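Heads up, the next two complexes both have chain A, just with different partners, chain B and then chain C.
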Partner chain A sequence: MNHLGFELTRVLIGSFDFTCCEGCQLQLANKEATLPEFLALVDIRNFREISSERLDDYDIALVEGSITRSDEIERLKAIRARAKVLVAFGTCACFGGVNSLKNRIPQEELVREVYDGKVIETMPSMRIGDIVQVDLSIPGCPVSKDEVERIMVGLVTRSAATLPKYPVCVECKQQLNTCLFDLGEICLGPITRAGCDAVCPTGKTACLGCRGPAEDINYPSFVQLVKDKELSAADMREKLSLYNGFGGYLDQEN
Partner chain B sequence: MTRKIDFDIDLHHLARVEGHGNIHISVRDGRLAEATWAVVETPRFFEAIVKGMSAERVPFLTSRICGICSISHFLTSIRALERAMEIEPPEDARLIRLLAMHGETLQSHALHLFFLAAPDFLDAPSVLPIMQSHPDIVRAGLLLKELGNEISITTTGRATHPVSLVLGGISKAPSKEQLLRLQSMIAERLPALEEASEFFGTLSMPDFVRETEFISLRNGSTYPSIGGQLVSTDGVVREEDEYLQMTNEYLVEFSTSKFTKLSRQSSAAGALARFNNNFDLLHPRAKAAAAAFGLEPACHNPFMNNIAQLVECHHIMEDAAMLVDRLLDADLRDIRTPYKPKAGKATGAVEAPRGILYHHLETDEAGKVVKADCIIPTTQNNANIHHDLHALVEQALQEGRTEQEAEKLCVMLVRSYDPCISCSVH
Partner chain C sequence: MIYKVISKPEFKSFIDAIVKANTAYGPKQVDTGCKGEPVYQFMPVHAADEIAFDYTATHSSAKHLFLPFRDELSKFSFTDGNWEQEVRYDAPPIVLIGLRPCDINAVNILDDVMLHGPYPSPYYLARRKNTFIIGMDHLPLPDCFCKSMNRHTVNHGFNLFCSDIGDRYYLSINSANAFSFLKEFKLEEPSYEDNCNLIERRKKIKHSFTTNIEVTGLPVFLDIEFNSPIWEKWGDKCLSCGTCAMVCPTCYCYSVEERFDIDLKGSTRQNHLYSCNLVDFAQVAGGHNFRPKNGDRLKYRYYHHYRGFAANDNQQICVGCNRCGRACLADINPKDVINDLRLERESCMTCVSTSPDKT
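Here is the complex of A and B:
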């Protein structure tokens, strides 16, 4: 692989999943038109979902999912020990994701409801960063393959891999969408980190904040906007808590 | 004389399947002592966390049960809630939803056939070396998978975790340009499907038959997708709301995913079940493809689920082209029925790529979900996989196969069901 006359080396990656839907890993096999180019950047050493070859000499570990059982902690620590760079891959890994909704309910009650008394080990959902050091976070439910490609190019060329600091509204405006607030809906676009190309509001549904807060957001002003438009505070809270990306802000309100 | 052999096959976190499952086989003195299909996935308790959520938001949560069949989960919740709250989506929205289902199934089948199943037949650990050894075949697979994703993106806004499917219809209709693009993509990619079929025609599926009961949806007029009666090859017929009589879920000690049964000790769902119950409703091209593979209903070889998926790809290509033509003739203005939340309860049943998927949801007067039950296709296949493993290893021993050969057959068997394990535990 060659870029402007410089020889580039493929990065050795491992892809791992914990408590999740595996939808983020699946994105690695999506965007088929550029898949050969993407695969030229990476040397897949360990990726159980698509390969029965499992090698431990990876430099970059993509870690999907949140942590909800003790054996996952041990497995995660072993991955951390082997990887030079550990990436929290997707919303569950970055923020705990939808799995965090179970943290509101006593864990015994969950087991009773779903497993009718059978002994099942589970614990409140934890982010990857609660257990091990995370070097890089790629949020999204699911991650955007465009963004993953851009970050992977950054890793191969040893250049900075950063996320947009601005909110989804910026990308939404670029697409000339009608603002969902003007259609009478609460949208988390004003406070959510961009990088998804405003895919939800472009499909005329509210941003639900899967990418977590943008930098330097004006949260009080967002709450005021919801009030001024006479929209439902309960609906706002339901949206803010779906992916657990706004935990700190919600607590501050209570 | 049979050789007296002892061996254990202990496969932890089986590769090239979605989620975490283990196979344990124990052979003593040349006889099968134990064969277990154990799902060890961490549960996520969706049925508990969905409670208290507004009906409008629920499909956005339940779609997160699965990263491969998120559209199916979304539409199953929508079907349950629309039936519970008596909401009638407009006809054009129904057509777009059916097209979305085709996109997801094509993507899922292509992923399974080329990325997960094909490497076994070519003795490769993954699709990656096959990209070098059989570039044309992988290219054909990628063209089909990309088409599936493109259909999903056009109809729902995104390939995984849809954005524009909503209660009452859809939030945004595809543009004429997008539909015209799909129309030409489908036509252009028919040769890729022919190429894929030719390739799979050269592979020999293991010779193994264990008679079982196949369960799927059936509506009597079209190959099943969203809603219909629940039918089995043993002659059971039930309505959607009677889903519990079809599933009879039970717990087993060694698995975090439940097991199900109907008339026998186990049953099967998925492409082969749909095929066995609905062969008459396939489009002619799909019937011709089945004939070319020698696949006839009712087929009881689970490895032929691979071929049934391929036959369904033929059906999907033909049906998707027809749906796109109909949508091009429609004005797509009336796409969303307004509704008022109300108390109710109903089941939604949808044929997800891996088989029949049930969501049963109850709402209160404010439209909040007060009770939920989700039964996943892979859950309905767990018992069948478990009992197939017994029969398969016994057959392998009778045929004098080695431990390595037996192990390979076992993993190929599990992969033939295309299990979606994290989905099954949810």
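Here is the complex of A and C:
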């Protein structure tokens, strides 16, 4: 690959799933409009949704899912040891994701309810960053394909690849959406990181914060907003805890 | 300017014809809020029936039709060791119906910034020249303060302006195009009574304002209050979400971004509307942020609006539509911030003491 006189090399990619739905990886695999170009940009060494090859010589590891079993910890550490760049890929990897809902309930109770008493090894859901060093986080449930492509292009061309620092409101207003607070709902748009093009509020569904907090959010002002609008604090906390992205802020409150 | 009057049914036929023959935008009800209030936006319209002629105010301004939220500035294509740049200024003609005087004034302010400075924007010029503006007056909403900003009337920057004088509109025709469009429709010369009705209407509008902000001497005042604690106080409320700048008819600050095509054979340079309230607005290469605090960022937005920056000839760019105040989830609005600022100084004992006699 030659780009403006610079010789570029395809980056060697490995993509791995832990406790998750593999939906984030699927976002890459099923984006047919640009799949050939994407595959020309990267060299897939290990990505079970795309190739049956299982090679270990990857530079960039995309890690999807949260950690809920001890064998996952070992596998993750091995990936970390091989990869030059480890990417927490998707909300589960970045924050623990919906899997973290189970952290609220005693484990024995969970296993009894779900597996009818079978012996199952499980532990509270952890984010990738709790176990290994993460070099780059791409949040989203699922990740935004455009954003991932932009970041991949950035990695290949060695140019900056960043996420927006501002909240979803910016993108929501640009779609001329009616503010969900004006429709009587709690929306996490004002404190959630943008980059999703406000897809949920555009579909008249409140933002649930899958991309985690924007940079330097004003959490007290958000809490005040919910109060001023006479909306339910319990509903707010439920939304904030769904993807586990706002854990630190919720803890502060308690 | 040519003045005519037109009956309301005939006006509707005129709008219907112009809307059907062109790409048109007008106020439409897009939602009903949780308190039963209608929510309006400037949206594409295809027939006069779709237009809410009696709308109150749109949630967002019509700015994006001149300065799109994201705009492609140029496209690059790379060939072996070389590259080509393609720049396009073309903007298809549009008709924009129902702008209020404050909104037209806002477009005139954007003209000053985008066209009359040392580097006129060809992108803006193309859109501006190809937009046919039909303005309409209205009775102010309780929180409109355009009169305080002296932006409640407008005498240029539109093609046609319609004043509601009961069963007919009093038309101010301000372009040859508008005149020739209207030729097909039944117009009358304004009668003595029509003229009286227009004056009455204007008086009524003028006297209907209930929100007033004292802006006399505000630029100097703001300079004096640069270190006032009130910036921190309001900054503590600010969510830094950029909503105010998005809905504002004059906020024009933008960021420029280069995006590679995924096949690396080309790229685009885009500008996108930004807001001085966003956390990284003043962040520079190397990571330093000149305005890391909410209050500092909020202050600069107020400075740009009420003190003016050199880029816009130091004029105040706020037109008093209060869209920012209505949209702000943290309940920050110009009236309260400016009053707070004045109050803080005017209650200061030293400042209220008698000024020295003239010598």
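The criterion applied here is as follows: the second predicted complex is superposed on the first by the 254 of 254 C-alpha atoms of A that agree within 3 Å, B and C clash if a C-alpha of one lies under 4 Å from a C-alpha of the other, contacts with A are read in each partner's own complex, and residues count from 1 in each chain.
Here is the rule we go by: a contact is a pair of C-beta atoms (placed from the backbone, for glycine too) under 8 Å apart; a residue touches a chain by one contact, two chains touch by 3 or more.
The structure displayed is predicted, hence computed values, not measured ones.
**Student:** Both complexes share chain A, so when I overlay them there, do chain B and chain C fit or clash?
**Tutor:** Aligned on chain A, chain C fits beside chain B.
**Student:** For A:E49, is the partner it touches chain B (first), chain C (second), both, or none of the two (neither)?
**Tutor:** first
**Student:** Classify the contacts of A:T68 with the two partner chains as first (chain B alone), second (chain C alone), both, or neither.
**Tutor:** first
**Student:** Can you report the vertex angle at chain A, computed from the C-alpha centres of the three chains with chain B and chain C as the arms, to the nearest 10 degrees?
**Tutor:** Vertex chain A, arms to chain B and chain C: 110 degrees.
**Student:** A:Q174 contacts which: chain B (first), chain C (second), both, neither?
**Tutor:** After superposing on A, A:Q174 lies in contact with chain C but is clear of chain B.
**Student:** On the superposed three-chain arrangement, identify whether chain B or chain C touches more chain A residues.
**Tutor:** Per-residue touch count on chain A favours B.
**Student:** For A:E149, decide between first (touching chain B), second (touching chain C), both and neither.
**Tutor:** The second partner, chain C, only.
**Student:** Mind working out whether A:D228 is in touch with chain B, chain C, both or neither, as first, second, both or neither?
**Tutor:** second
**Student:** If you stack the two complexes on chain A, which partner ends up touching A:D57: first (chain B), second (chain C), both, or neither?
**Tutor:** neither
**Student:** Which value, in Å, gives the least CA distance between chain B and chain C in the superposed three-chain arrangement?
**Tutor:** 11
**Student:** Given the complex with chain A, which residues does chain C contribute to the contact?
**Tutor:** Interface residues on the chain C side: 30-31, 33-34, 39, 41, 43, 59-60, 64, 69-70, 78, 80-81, 83, 236-243, 246-247, 259-264, 273, 275, 278-280, 292, 294, 327, 329-331.
**Student:** Tell me, which parts of chain B touch chain A in their complex?
**Tutor:** Those in contact with chain A are residues 13, 15-19, 42-45, 47-49, 53-54, 57, 60-61, 64-68, 70, 111, 115-116, 119, 125-128, 131, 142-143, 145-146, 149, 156-161, 163-164, 166, 171-172, 251, 256, 422-423.
**Student:** Taking the complex as given, what residues does chain A use to touch chain C?
**Tutor:** 1-5, 8, 34, 37-38, 40-41, 149-150, 153, 156-157, 159, 165-167, 169-170, 173-174, 176, 178-179, 181-184, 189-191, 214-218, 220-222, 224-225, 228
**Student:** What residues of chain A sit close enough to touch chain B in their complex?
**Tutor:** For this pair, the touching residues of chain A are 17-27, 29-30, 32-33, 35-36, 39, 44, 47-54, 68-69, 72, 97-99, 101-102, 105, 109-111, 113-116, 118, 120, 122, 141-142, 199-200, 202-205, 208, 235, 238-239, 242.
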